[in-house]
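Heads up, the thing below is written out as structure tokens.
Just so it is clear, A, B, C and D label the chains in written order, and each chain counts residues from 1 on its own.
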Amino acid sequence: MSMLLQLLGLLVIAAGAACFALGTIGLLRFPDTLSRLHALTKADSLGLGLVALGLLPFAESLGEALLPFLAWGLVLLSGATTAQLIAERARR
Amino acid sequence: MAEALLLLAALILAAVGLGLWRVLRGPDPADRLMAAQLLSTGGIAVLLILAAATRAAGLQETALVLALLGGLVSVAFVLAARLAGPR
Amino acid sequence: MTIYGLLGAALVALGLYGLVVQAAVLRKILAFNLLGAGVFLLFGVVARRGAAAGLAADPVPQAMVITGLVVAFAATALAIAMALRMHQITGAATLAEPADE
Amino acid sequence: MILDALIAGLVLVAAGWTLAARDAFAAVIGFVCFGLLLTLAWARLGAVDVALTEAAIGAGATGILLLFAVVRLRGGTEEVAAATPSPPQRIAAGLLAAAIGIALALAVMLLPDPAPSLAAPAMAELPAFGLGNPVAAVLMGYRGLDTLLESVVLVFAVLAIWSMAPDRRWGGVPGPRFPRAEHGPLSLMARLLPPIGIVIGIHLAWAGADAPGGKFQGGTVLAAMWLLAWVAGLAQAPAIASRRLRLVLVAGPLVFLAVGLAGMLVADGFLAYPPAFAKPLIVLIEAAMTLSVAAALALLIAGPPERAA
């Protein structure tokens, strides 16, 4: 059972890795700063969230399971803030 | 399992590492910063996966510290740019 | 782990080159930090090779690197404060001697 | 193995870019990426304590410091071009640097086998300190003098930076004044993040006795949280003449020194802990040091006083 869950976790992490790859492609290929910003914010919030989710079956304690989500929450908060600030600056 | 996790970590790092190209190219400072931010988030992901794969204590905390300070570096960038005024 | 040792050696070389060749003070400070990071990595490899007694790495070099990182940060902050003050007073961003009038 | 090669390659690219970038700002971003990647390298080297320090100080605090410096240090491009060494000089410098790099690489390849290690003796004495983290034991026990001097170095660095101020600014307030962010994203982040960050900072300092972490890492996180409130205009920088500020700044080294001197009277010598009290004394020093490190790092980033109090 736990083996199966871990395999499932690996799949979810792989989906997260795909999100990171998509974000990079967007960052490299999109034509202007604002659309690149759009690619970045989607990729890093979703990618890290999927990684945190996929790591759940590997955790051996509750704290170990929750800590990745705390890191994710911090990235969401600061990512949302800095995206706004960068966009404000880029539009000027 | 650990090997599979390490491989995924390498994949994520390779993906965000390619973003270094945007750090090199720019053109706007904001573009460079965005690539650095993606690298930071990818680094957090890699550390979290390493923590699960190697079971070494403290790696999750390292990821937390990166998450806390990464956003601050971006804020410092925007404020520094404001201090500098319009170019 | 040898690869990190080679990386450390390469960083020392890069940092040294930048320290000599670059003119702007801020760039010199950056180069010096690269050099320092290379030296720390060499310590890291020594620590890793000394893994024993159930530890992933020898704690003594690790403690030295932590001390080194903190002192390097203090030195960088001081160097930047000096560079900023020099810039305020003389308007210069390099250490070049002023051209003879 | 792939992961290690990838990390090493990316670190090298970031380092090369830090040197080669034409724009100083781009170079600083390269350096921030460099610090980030180096954190991963330390994690792979099994040195988690160092990885934590690198994440907090190398990537975080140094990055913030450099970003604020780079906008104020705008050098004229002509001045830089005039002061840059000529191509022959650069080739000579390159050859010299390459020679040193190759010599170091050879030294790395020829490191003695089996490697000498102090891991076993360090572990053997661990119970005497009541600590579970061997790196903390080295920092506070075997090499306590180093750490004491390091904490004094931080205070001296702050004094040296303060002394960069013009005389009329002595006793004033460090750094630029940031407008108060009442609304908007920055205000939200500066109100939400510090409470979480302070808990994490204290956790790192406290957990440092038995797990990776400690006063430097925890102190850096605390300093970063204060900096966030400061740049958002929610907290004011204290005047450097402030008694309380100066007390916090020197509290850690003073407590450390006092415990060290007391060791001469009640234990075997300077910085020797009486066995029954080793753990509480170390925790006391660490607590005071965490505060002092946080104050020192924040002041190092804020810079010399620029305004009257």
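Here, a contact is a pair of C-beta atoms (placed from the backbone, for glycine too) under 8 Å apart; a residue touches a chain by one contact, two chains touch by 3 or more.
These figures come from a predicted structure and were not determined experimentally.
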Handout entry: Any chain that touches chain D and chain A
Key = B
Exercise for the section: State the pair with the higher C-beta contact count; candidates are A-B and C-D. Expected result: C-D
Problem - Chain centre separation (chain C, chain D; CA means) in Å - result: 13
Completion exercise
The distance between the C-alpha centres of chain B and chain D, rounded to whole Å, is 19
Problem - Where chain D touches two or more other chains at once, by residue number - result: 44, 46, 48-49, 61, 70, 72, 74, 186, 189, 193, 196
Practice task
Quick one: which residues in chain A touch 2 or more of the other chains?
Solution key: 70, 74, 77-78, 81-82, 85
Practice task
Among the residues of chain C, pick out those that touch two or more other chains and give their numbers.
Solution key: 56
Completion exercise
Listing every touching pair of chains gives A-B, A-D, B-D, C-D
Exercise for the section: Within their complex, state which residues of chain B touch chain A. Expected result: 1, 4-5, 8, 11-12, 15-16, 18-19, 21-22, 28, 30-31, 33-35, 37-38, 41-42, 44-45, 48-49, 51-52, 55, 60-61, 63-64, 66-68, 70-72, 74-75, 78, 81-82, 86
Problem - Contact footprint of chain A on chain D as seen in their complex - result: 184-186, 188-189, 192-193, 196
Exercise for the section: Spell out the residues on chain D that touch chain C in their complex, using ranges where they run on. Expected result: 4-5, 8, 11-12, 15-16, 18-19, 24, 27-28, 31, 34, 38, 41-42, 44-50, 53-54, 57-58, 61-62, 65-66, 69-70, 72-76, 79-85, 89-90, 93-94, 96-98, 100-102, 104-105, 107-109, 111, 115-120, 122-124, 134-135, 137-139, 142-143, 146-147, 150, 153-154, 157, 160-161, 164, 214, 216, 293, 296-297, 300-301, 303-304
Fill in the blank from the handout: Contacts from chain A onto chain D in the complex sit at residues 70, 74, 77-78, 80-82, 84-85
Exercise for the section: Would you mind writing out the residues of chain D in touch with chain B in their complex? Expected result: 2-3, 6-7, 10, 13-14, 17, 21, 23, 25-26, 29-30, 32-33, 36-37, 39-40, 43-44, 46, 48-49, 51-52, 55-56, 59-61, 63-64, 67-68, 70-72, 74, 176, 178, 186, 189, 193, 196-197, 200, 203-204, 207, 211-213, 217, 221, 224-225, 227-228, 231
